[in-house]
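What follows is a pair of complexes built around subunit A, which joins subunit B in one and subunit C in the other.
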Partner chain A sequence: MSALQKNRADLSARLGADVPKAVGFTQHARARAMARLQAMGLPHGRDEYWRYTAPDLLNGAVPNLGAQHPQGQLGAALGPLVLTFCDGVFDAAASSDLALEGGQITLLSTATTDLHFAQDIYGSLEERGQTPVARPFAALNTALAQEGVLLHITGKIAQPILLNYVAKAGQSDVILHHCIKLDSGAEATILEQGSLGARGNLVIEVDMAAGSALHHIRSQTSDDAALAVTHFFACLHANAALKSFTLCAHGRLIRNETVIELVGDNAVAHVAGASLTDGPDHHDDTIFITHQGRSCESRQVYKNVLKNGAVGVFQGKILVRQSAQKTDGYQISQSLLLDGDSQFLAKPELEIYADDVKCSHGSTSGAIDDTALFYLQSRGVPRAQAQALLVLAFMAEAVGEIASLDLAEDMRAQIEAVLQRSRL
Partner chain B sequence: MVDQTAEMIARDGVDQETIDTVNAMSGKYKHGWETDIDTEYAPKGLSEDIVRLISTKNEEPQWLLDWRLAAYRRWLTMTEPHWAMLKYTAIDYQDQYYYAKPKSMAEKPKSLDEVDPKLLATYAKLGIPLREQALLAGVEVPEGAETRKVAVDAVFDSVSLGTTFKAELAKAGVIFCSISEAVREHPELVQQYLGTVVPASDNYFATLNSAVFSDGSFVYIPKGTRCPMELSTYFRINAENTGQFERTLIIADEGSYVSYLEGCTAPKRETHQLHAAVVELVILKDAEIKYSTVQNWYPGDENGVGGIYNFVTKRADCRGDRAKVMWTQVETGSAITWKYPSCILRGHESQGEFYSIAIANNAQQADTGTKMIHLGRNTKSRIVSKGISAGRAQNTYRGQVSIHPKATGARNYTQCDSLLIGDQCGAHTVPYIEVKNNSSRVEHEATTSKVDDDQLFYCRSRGMGEEEAVALVVNGFCKEVLQALPMEFAMEAQSLVAISLEGSVG
Partner chain C sequence: MLEIKNLHVKLQDEDKVILRGVNLNIGSGEVHAIMGPNGSGKSTLSSVLAGREGYEVTAGSALLQGAELLEMEPEERAAAGLFLAFQYPVEIPGVGNMTFLRTAVNAQRKARGKEEISSGDFLKLVRERAKTLKIDSDMLKRPVNMGFSGGEKKRNEILQMAMLEPKMCILDETDSGLDVDAMKLVSEGVNALRDAGRSFLVITHYQRLLDHITPDVVHIMAAGRIIKTGGPELALEVENNGYADLLAEVE
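For the complex of A and B:
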């Protein structure tokens, strides 16, 4: 069987016999996504953007859930509005009331009207994000997702909205698709925590009107065996500001793709990630930021800590179009390899077509600084604790991208908990 | 001739079928053969016959012909790679001459008066002495008339014109000659090393080169020898529609040292010409090779008409401990540049360095960089790449740093800077960084910026012309790489930087 034939066979096996019949406002988007998916097939190891992450596990059978790692609630001090999804199904009993001042929350499964606000968003940001790099899992998500949150933010909302994922069933194969629309001048904080399921596929599409602001924080401390592919698509109009941070710990294979388009002038996008990887874990951050508007700023800060043969992947790209003069683009990816078996694979790319720009990227990889470790030990700090301190310090730049002090503190506590648990 | 070939093959135990094929081929080209001897042109296009013809013309032994044919057959099954950020009209491999030799000495320009005055003006700007200008323009060089201590091997279209300073080099035991001569005089060395760094199956263009390479340079530096002078090769494509496929093989035996310079030129043509070269460096224990290139192939005109398509595979293999290699390149010419001089750091504590200036102006496109493959312990590599884009040009740095699990204590430092002149051009960076142990340290940084207005304004206020000011700023930007070049080349490269950017401002 040729690679292409195998890919087709894998795809039909993955789609199964009973592709649900699409109804309502999403049906055209779903049909187009299905056509896209059929045309590109599932990713395989020879795809340029899958060279460092073999997609075989994601294309294969759904695994059993592994050991769960409970964590404290994110943003508990801020009293968030909680929306719980248990194995991909909305759990009303474990969720807050959906009424929201300054916004409107509906669920994908119940939104069947033809003129829903999300009809311009659902699948359209994902579709734009397919060029120049194909993202088959996102198309698969658009075509098949049955549940998700449709969030329309009209005002400034101080209360964070927490998307709480719980995995209980043995071999849950979860697909969630959220759409978030921020009107001009609207502001919101979206939090995500937990494990989607044994295998998760999450797409978030964010449309940010002029002058809107979104703060997105994700704590992906899932279980040991979980497989997950997430896509975060955002389109920023003039003066919009996005800040996104992801903490990723545990999980057998996690691929987080962030696709951001700065279409308006003076928009700002900061994306950051901290990843703590142990054992056979494989974490992949793939970022693609397109500068289209003038005087926009983008910043990528990614930190990986790896041990016991873990693999960390960073593929970050800044594309500056000819119209995007006065762009300020920055990207840093750093890894700390705690032992000799771990690997860090990076491809930090720049593609620039405008001349009046300031773009830079940096990537480093190495072991923990022995001198620093020795100093801390000489001051009476036990070795394990000293190492944890140094790891925390290494992560600090990424955690510093979180604007809210409370949430940053929560994240620090979670990182410390992971460090203690796995004695990194 | 026919019988002789058949006999030789039969001796090597080749089956009857091959002999029949060869006989049939020879019969078919009987007429063309005789005209070819007169004109010294192989027929246009590529086929097994052409491969055999090149081999026969170079009086090659059977093993090399077999090697070429294997490469050719493999090439037929391969597809042209298109992952580079390059856009060009499809290459018609059948519309090229694969072997062209100046018809006779009378056909070559006899004096500088017969050479395109624009070409001479360029050389004058480069500050190349007249003696060398003559050589570059392809004018006959009287034997023994050299005064400078640089041994030169000039390759004109497909054949080597001759190598200077041979006797003096021979005294030191250094072998420096054309590769076709090396195949005849030192077959054991060629057979031992040819294709061991860049195998015939390596990539599309290298495989094509393995099948049809016509000439190139061969260098062997014996054990413990420091080559008494710099070695230099000038490559020149002269004939229209001619592909140049040279192959360079340099072997630095244990504890030896050599500095090798390579220069390239081509006249103005309205058609695109293909250049697919392979350079193989073998560096044994404690040896060092310094390989410098000033590539100034014809870049095409402002509208992208004409120019050389430059697809080159260069690789160095540091086989012994503490072996060292240094690639320095100044890439100013060619319509298309596809070139990644690489280092395989196999020996423990071996070192690889790569210094590059790539300038793309007008419609030029360059996709160039390096690969540093760390296999041995405590290996070190350093990459400094400076890319300059002007006009509508696209300039890409593409590089790979790979630290294998066993390459403990390895160290890499990479710096790639891009400079943009004008808002129609592009500068891209595509690095691949693969670290597979934790005792190694890898650092990569890249920046992109435009020519600083304040610096330009300062230069202008001191009475400099705009182009002069840009050239000064750009030369400052490239300083780190220019300093890595040998003296003779540094001066030439500096002027070349200025010439390449002419017409990019104002």
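For the complex of A and C:
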């Protein structure tokens, strides 16, 4: 059996007999996505893009839900508008009123009109993101998404919108798909926290018109055994600015893919991640940034703390098309290995066709600095606390990518909580 | 205050013996100086007292106010009142100097069963003590020792000492890398902390520092032992004649 046949066999098993029949405005997008998915099959261990992260766990049976770690509300100081999804189902009782000044919120399950703005977005960024690298789980998501938020931002919204995921059921298999459209000059802050389910598949598609700005801050720290694949697709037009930060801890296998197209001139995209992974867990950040417009800036800042035989993966690519003169690209991936058993696998890639470009990348792996640890201890700071302080310091550059001081402080507090919990 | 008895130390990973029976008694409020040629074991003594890894104590004891230091973790030694001003203060990227100071002060207060200091009180205290050491607010904001000059790093050590208010201070070659003005500033900082309840052990190569910080007792260390003990005049003797005569006397 060839690899592709094997992938398709896996897919048939995964989909089972009854592929749900699509209705409403997403109908065609879903059908096309299913066709894409049928053509590519599910990822396989021999796929180059899955070389460092075995997809077997994601393709297999849905596991039991792990222990949940309750956390305070992200951005509580800013009074966010909360949208709660419990095991992938919208929970109106645990959510705010959907009325939003400067924008509209609709649920995927109730948006049926053919004229909906999301029609142009749903599945289309994902579809473009399939080239040059196949992302079968994203296609699967478009085809089968159960719920999601369709967010149309028309003005500048100071109040953050919090997507709050709660997992309760034993073996929930959750597929959520959000679409966000920012009009010209619009601004928003989107927060995500919690665990999608025992197995989660999340796609976010973001279309950013000229001069719009989006802050995206995500915390994936609440679940001990989760399996999750997420895709964040964003398309930035001229002068648009995106900042995205993800904190990840616990979770059996988490792969976060970020796919960004800088289409207009002078667009700026900063993506950052901090992860704390305890063995045998596995964490993967896969980034693909395409520069097409002139004078765009992109930054990738990823920090991984690994312990007890944990594996961290970073695949980060910057593609600079010929049209993208004056590109400024930066990429750094670093790991802090707290023991000799853990591994950090980094694959930085630059592919550049323009000739007037500034691009730099770096990757390092190291241990805790014993001298710094002793220095702190000699000042009376207990070893565990000193280590936590050094871990926070290691992550500072990534956390520093969060513009809001309140949200950055929330993230630091969450990192400290994870450190206390897991005695990393 | 500090009572070191027959201290023998070797390197953990090598068969290299460094301290061969150090005996030292520092009374409350006293300032002792240890001088000695390179490789005599001065810095090892300070490292072992502070609890740095990599050394093995093969015999002896070191009591701080009656408590055995050698059995404690480094942070416990600090909480017991020991402070080592490093010869090479460590740079810690990403940790703000202010955060570092507050964490240290609060950790020690906690270890001593006291409440954490409020941010307001801490800020007031740190500003006041920084000012006398000519440490500006920029140095307090920067990551610990990052981008500090040699003199700034040593002043920062003394600031930590002033904030932590230890009982037994060890200054490991605090004069190294300092110009005349910086040495004066650091010495003034140290002298301001001298009192009846606080003792100092000043480790140095040169007599110069002892012009500013006058010791009560001077010890000469060589080949892992204290070979001679005297008053401040002993330091002058070394300055004038070098170590050769003293070493010859012993041999």
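Simple rule for what comes next: the second predicted complex is superposed on the first by the 419 of 424 C-alpha atoms of A that agree within 3 Å, B and C clash if a C-alpha of one lies under 4 Å from a C-alpha of the other, contacts with A are read in each partner's own complex, and residues count from 1 in each chain.
Quick note on the criterion: a residue touches a chain if its C-beta (ideal position, glycine included) is under 8 Å from a C-beta of that chain, and two chains touch if they have at least 3 such contacts.
Predicted model, so just to flag it, every value in this text is computed and none were measured.
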Practice item. Considering only touches as defined above, state whether A:389 meets subunit B (first), subunit C (second), both or neither. Key: second
Review point. Which of the two, subunit B or subunit C, is in touch with more residues of subunit A?
Key: B
Point to revise | Contacts of A:40 with subunit B and subunit C, given as first, second, both or neither | key: neither
Exercise for review: Considering only touches as defined above, state whether A:350 meets subunit B (first), subunit C (second), both or neither.
Suggested key: first
Exercise for review: In the overlay, answer first, second, both or neither for which of subunit B and subunit C A:417 touches.
Suggested key: neither
Exercise for review: Identify the partner contact of A:361: answer first if only subunit B is touched, second if only subunit C is, both if each is, neither if none is.
Suggested key: first
Exercise for review: State whether A:374 touches subunit B only (first), subunit C only (second), both chains, or neither.
Suggested key: second
Revision key, fill the gap. Subunit A positions within both the subunit B interface and the subunit C interface are none
Review point. Can you list the residues on subunit C that touch subunit A in the complex?
Key: 50-53, 73-75, 77-79, 83-84, 86, 89-95, 99-100, 103-104, 107-108, 111, 143, 160, 164
Point to revise | Footprint of subunit B on subunit A - complex, ascending | key: 48, 52, 322, 325, 335, 337-367
Exercise for review: Can you check the complex and tell me which residues of subunit B touch subunit A?
Suggested key: 83, 85, 405, 408, 418, 420-450
Check your understanding: Can you list the subunit A residues touching subunit C in their complex?
Key -> 369-372, 374-383, 385-386, 389-390, 392-397
